[in-house]
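Labels run A, B, C and D following the written order; every chain starts at residue 1.
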Amino acid sequence: MTGTTDIESVETFRARSKAWIEANLPLLSEPWVETRELQRLLFDNGYAGISYPKEYGGAGLTIEHQKAFYDIVAEQDRQVPSELMVSIGIIGPTILDNGSQELKQRFLPPLLRGDEVWMQLLSEPRGGSDMAGTTCRLKRDGDTYFLNGSKMWSSGAYHADYGLCLCRSDWDAPKHRGLSTIAVPLQGNPPGLTIERTRAVSGEAGHFCEEFFDDMPLPADNLIGEENAGWSVAQSLLFHERNAVGGIGMGYLGGWRRGGGAGAFTGIDVGPLREAAERRGVGGAVGTMIADAVISSVVDPLTSDRITLGLQLGTHKGHRGSLSKLQSSLSLHGVARAALAIEGAAALVWDGDDVQLDNAGTSWLAARGSTIAGGTSEMQRNTISERLLGLPREPAFDRDIPFNEVLRNLGKF
Amino acid sequence: MRLDLTEDQEFFRATTRKFLESEVPLATVRSLYDTVDGFDRTWWQQAAELGWTSLFVPESLGGGSLSGAPATDAVIVAEEMGRLVSPGPFLAVNVVAAALAWFGSDAQQAQVLAGVLSGESIATWAFAELDGRWDAASVVTTAGLDGDSVVLDGVKAYVEAAGVADWFLVTARTGEGLTQVLVPADAPGVTVTRGRSIDMTRRFGKVALSQVRLPASAIVGKAGTAGPAVERQLHLALALQSAEMVGVAERTLEFTLEYGRERFAFGRPIVSYQALKHRIADMAVTIEGSKAVTDALATAIDTDDPKVALLASVAKAYVGEHCLDIVDDCVQITGGIGVTWEHDVHLYNRRAAVDRAMYGSPEEHKALLATNTEGAA
Amino acid sequence: MTGTTDIESVETFRARSKAWIEANLPLLSEPWVETRELQRLLFDNGYAGISYPKEYGGAGLTIEHQKAFYDIVAEQDRQVPSELMVSIGIIGPTILDNGSQELKQRFLPPLLRGDEVWMQLLSEPRGGSDMAGTTCRLKRDGDTYFLNGSKMWSSGAYHADYGLCLCRSDWDAPKHRGLSTIAVPLQGNPPGLTIERTRAVSGEAGHFCEEFFDDMPLPADNLIGEENAGWSVAQSLLFHERNAVGGIGMGYLGGWRRGGGAGAFTGIDVGPLREAAERRGVGGAVGTMIADAVISSVVDPLTSDRITLGLQLGTHKGHRGSLSKLQSSLSLHGVARAALAIEGAAALVWDGDDVQLDNAGTSWLAARGSTIAGGTSEMQRNTISERLLGLPREPAFDRDIPFNEVLRNLGKF
Amino acid sequence: MRLDLTEDQEFFRATTRKFLESEVPLATVRSLYDTVDGFDRTWWQQAAELGWTSLFVPESLGGGSLSGAPATDAVIVAEEMGRLVSPGPFLAVNVVAAALAWFGSDAQQAQVLAGVLSGESIATWAFAELDGRWDAASVVTTAGLDGDSVVLDGVKAYVEAAGVADWFLVTARTGEGLTQVLVPADAPGVTVTRGRSIDMTRRFGKVALSQVRLPASAIVGKAGTAGPAVERQLHLALALQSAEMVGVAERTLEFTLEYGRERFAFGRPIVSYQALKHRIADMAVTIEGSKAVTDALATAIDTDDPKVALLASVAKAYVGEHCLDIVDDCVQITGGIGVTWEHDVHLYNRRAAVDRAMYGSPEEHKALLATNTEGAA
């Protein structure tokens, strides 16, 4: 991205960053600063997109500089705009890798400034895990593309500005060779777009959205990468996602993961389980569940740290992030299950005629979210066994034949 | 779920299923979520006409068993209710009806059973207390004897359909022993606190008893000797609950497989993937086991088998654990849509979670089984 | 097999059987009578092969008669030669279905008399679960076949008289269409045959054998069914095996399963677990394990009984036997695991310099036997999901192409 | 198993692996099964020359750590030993060497360490007793103080390499406190009963102490105050054991995958089946987690981290449980041949089972974790 000659040394950078961080970034213990505002503060001081090129609004430094910056953030328990991880750690680098110069100049500076927040439009209602099986249809007419279909499980589309959308532009090409990626504006009620927030299992409006595209017109300039080369853009995106989750690469925001200590990252707090067991006098019968929760609260962050270190040292490859994702999501589910059992009837029943949502029972209903969102446990296990351990790939019936034919073959099962 | 049902029983099952499918389909269950009572009393009287309330009551008292094996008959209904996560206090009403039929005085039977049988009045069992434990040792509500009166003091909790009940069969303590008293909901000193649960239609509540004085004739059976009666009621409750959980698990697996056959990933239906198929095979094993143990428990109740306590605890521990795990893994197989309000699987997950906890959790029943082969439910 | 006209009514048969059983069959509580001797007793009195035709040494009655007989055996807690289940319940009916008249006359009477004991020669060292993948080679030369290759996991081949062997007679045919089955004599050191007992994990000589065939000559008359029609013979065998395990069909020996009460069939005895937990003072920590063992000891036989009833009533199909096999074998493994944990160090260490084999530790080493022998848990799960629940079959790469090609393709993985 | 080993540590690992592969390959391990001691003393002296016995002993006493983090160095050896289910009392000797280095008097260090370092003498820890519990409260062997003498009475059990040991570090009770005494194997009143275990090479034994009278200078540290020392020794034992179990699990998975790639069913390698692949993925997760927690425990020992007790119990509970489960499922994947003597997997199953039980089982450590977040190993 940027040559390492003629730039500030990491040591000098570290020293000035430290002073600036101490003087400017709020502590984790202080009131939470709004994300876009915090990002603007970084941007205005040359600390947004530290490893992004200067011409696109970045600092023009290296990942080593970026890591130095966020290590200080972590040491000093400072707030950073971690909600922008997808924008800055995943989508920005993907645009940088794949976009034309015009596209980069158009989209990257406002992204780094915190003015334009991005999210991913990848999964669809009928095919959560099979990203390349998209049936969103993109058709060109002159300088305009028209988008039809729907996307689902997009987090926070209702407050994002742009979505990076994977869709199918050639139905006669084999599955992975007829895809394109395009930037889709989400704010201001653009024509042909409907966004619905999915109702969560509790009955409340949820965090996820479903987007419906009905001949939504998009300028041809919004295409990211070449037409029908969308799968290589998607792979670039997945590469940056793994790095971001692993805490390395351009999305390095190391600090936010450690903020709050071990329990904070795993989300596991054993205290309430112990209290409930004591209150109900069932300590003996549920001791193993409590112990397992303690074990998860210790082992999961240690595992994640180990993998992060391995990725940094290069002893581990990106796919190893799946180990940590699988482990921690299963632990969260396991703790919800334990809470349900340990709290017993008291977790499920309450006085009064109003619906209550803050009990172990309702948490249980949503507990599978952790093992589904962000790639199901099954997909993690596929990745681990095939990519990390090199076991034979699962037989698939959608390779090397026109995608239209794949769809026709589905009826044969 | 017995394989060798009589023709009458098969007909009863078919009628029950048709009634539930037409009167309280899942859309209706969803709409009942927004109601205070969770079920409709007129509908309950229709259910009563089908025989739901009369299974444990002899013909001489206006009831009638289908087969002479009333618990075996009753689990038929419970299983069907599980399949459609149906509303209605079937378990609670039948436990009290059975208790009155088994242990009640002629006067109690005459006074109470007719209304319960017709569905006009609702009777429920008030056993557990604030600590949410369904064992006799945890009962601290007192039934004091005072001449020709009995005086109740204490708080009962987790009482099903408390908000609409006309009668409470209250299990209380008299010295070392247990006493059961039939308490009218409008007796002075009775305060009912309505409540909800995470289940769509099942409501529970608290019943506070403050110096509730009733004639001694309100005592069911003999004061201080209700221990065995309470055990028997608990066994029946567990049999009905296990059957309901079987229905919940089997139906959830059915619609999950339907869904999984139609949902494709990488050019194949998701249920063609062996990792899912093997988990599904394990579910089939535990459903078969759940049916087997539930049947055995119902038969043990009907035949006064001395192994009934063991079977009751085994059934709750086994069915309670596996039913929830099956529903839970079906959510996983369903994927993201399975954790939305729109998909039906959460209706089943709610019922499974509530059934798991009530009348003793698998953990509590396992603790009994760990130390006592004879079990003790 | 035999028409139901002009035969004794089941009722009459039941009455005379009952009297005979009470007078002649030893009680389960009495000293164990040698298998062949007990079978001879049944044979001499017309109770061997009750549903086998008379011309082959059977009683010429029906399965109803047979069931009546063994129900009395069960009620009366009598001994029957249950070790002959494979001979009489599985292989005899297979020969009856598939053999020529000469073959049946040659083999069935001594089989029913208990003079000739049979076993199965199906699995091979390289392919336990994939029975039709056999690479044992059968080649004809005039009136003689020559057998080459080896079989494994054959139980008790060292004391059996004959083995029913599945082998490959045509390598250019697709996998299932080039197989044949043939009777292989095992006693008296026939030329070309070597039998080795497999050394068990404890180091002792085991129950299973491996047989090596080196140009072993076999008379062409020993062929069971037509040449290259071995797979239909094998399917017939599997059908009878399922029925036998399910307690129905010609192998009905209901009594032996119930003899000894619930614990005896599951093999689960919770007493020692409880004692060990008490002795070591770890009751609380291992309570769940003990409870799970109690639950298995109750639920497993109830499940098996339910399936047996369903098979008899016709509400269940044969594949449902896999549910019971999977459940009970996992339970046995689970109890061995629990015993290891509950007994702790005392199960693993002993005084003196001699090897001891009767502890929970050694049992643990062999515990996987239950989930492997007789069809692995994985195969049971395949059967349940595909045959019972009708889920799509696993993609295979060995169908409809010459078997030689299948072998060549293996290198591609 | 740390990712950021120093060059010295990497070299040490390579040397260790080469030494084990050439000197005690699995064929040798099998032949050692038939020997009484389970390992060869001459071979042990070679191992000592590689530095196996000197890691916890300061250079001034003839030892030498590679990196200044001796527990971190030592788990390298333990992991490699697990990979080849190697013989030799590495854990026992190092726990005693560390105890003497940390808490021993100058005289004890001078008298004992040289022989232990060279491998000429074997020292082992006698902590658990007949009930097989590795907690201080279970110690009933007494160390009575009598003028200038200390008198030991009791029976220690599950003592590794008891049959060949020259020195026993005996943990005993003096009133409310603990006392550790270094006892020569030939002291009057010491009776050693040799024993075996299901492990191919690891031998344990009982040490009966009947009025064993030694000069008070045999006490390690101060009488009655050895509690913290015992804790520290136990943490070290658990770290070495966890590392060994990691080696056992990882190597078992490696050769099982090699086997499963070559073994075909229905025209595909068995490890191409998703049900196996997913179970294998779960194994990869727990191996990564096991490495992470073992490293953390070793580091905590090296840095006197107050979380060491928590980490020790978590490591044993987690690694002990998962290591055995991995080996166990590898047997399943291997199929019939996996439960024969000829296949190597049982060598690993044996070691995993023994490691699981010694120094407290996962169940016992979980019981601690259930009630005490600080842990207590």
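Everything below uses one rule, namely that a contact is a pair of C-beta atoms (placed from the backbone, for glycine too) under 8 Å apart; a residue touches a chain by one contact, two chains touch by 3 or more.
This structure is a prediction, so every number in the text was calculated from the model and none was measured.
Compared on C-beta pairs in contact, C-D and A-D come out with C-D as the pair having more.
Summarising the inter-chain layout, the chain whose CA centre lies farthest from the centre of chain B is D. Centroids built from CA atoms put chain C at 42 Å from chain B.
Each chain gets one centre point, the mean of its Cα atoms, and the points for chain A and chain C are 53 Å apart.
Counting partners per residue, chain B has 261, 268-269, 272-275, 277-278, 363, 366-367 as the residues that reach two or more other chains.
Listed for chain C are residues 283-285, 287-288, 378, 381, 392, 394, 413, each touching two or more other chains. Taken together, the chain C residues at the contact with chain D in this complex read 123, 125-130, 133, 152-153, 175, 198-203, 206, 208, 280-282, 284-286, 337, 340-342, 344-356, 359, 361-362, 364-366, 368-369, 371-373, 376-378, 381, 394, 396-399, 406, 409-410, 413.
Of all the residues in chain D, the ones that touch chain C in their complex are 33, 36, 128, 131-133, 158, 193-199, 204-206, 261, 263-269, 272-273, 275-276, 328, 331-332, 335-342, 346, 349-350, 353-354, 356-358, 361-364, 366-367.
On chain B, the positions that touch chain C within their shared complex are 3-4, 257, 261, 268-269, 271-272, 274, 277-278, 280-282, 284-285, 288-289, 291-293, 295-296, 310-311, 314, 317-318, 363, 365-367, 369-371, 373, 375.
Of all residues in chain D, only 273-275, 277-278 touch chain B in the complex they form.
Considering their complex, residues 283-285, 287-288, 392, 395, 413 of chain A touch chain C.
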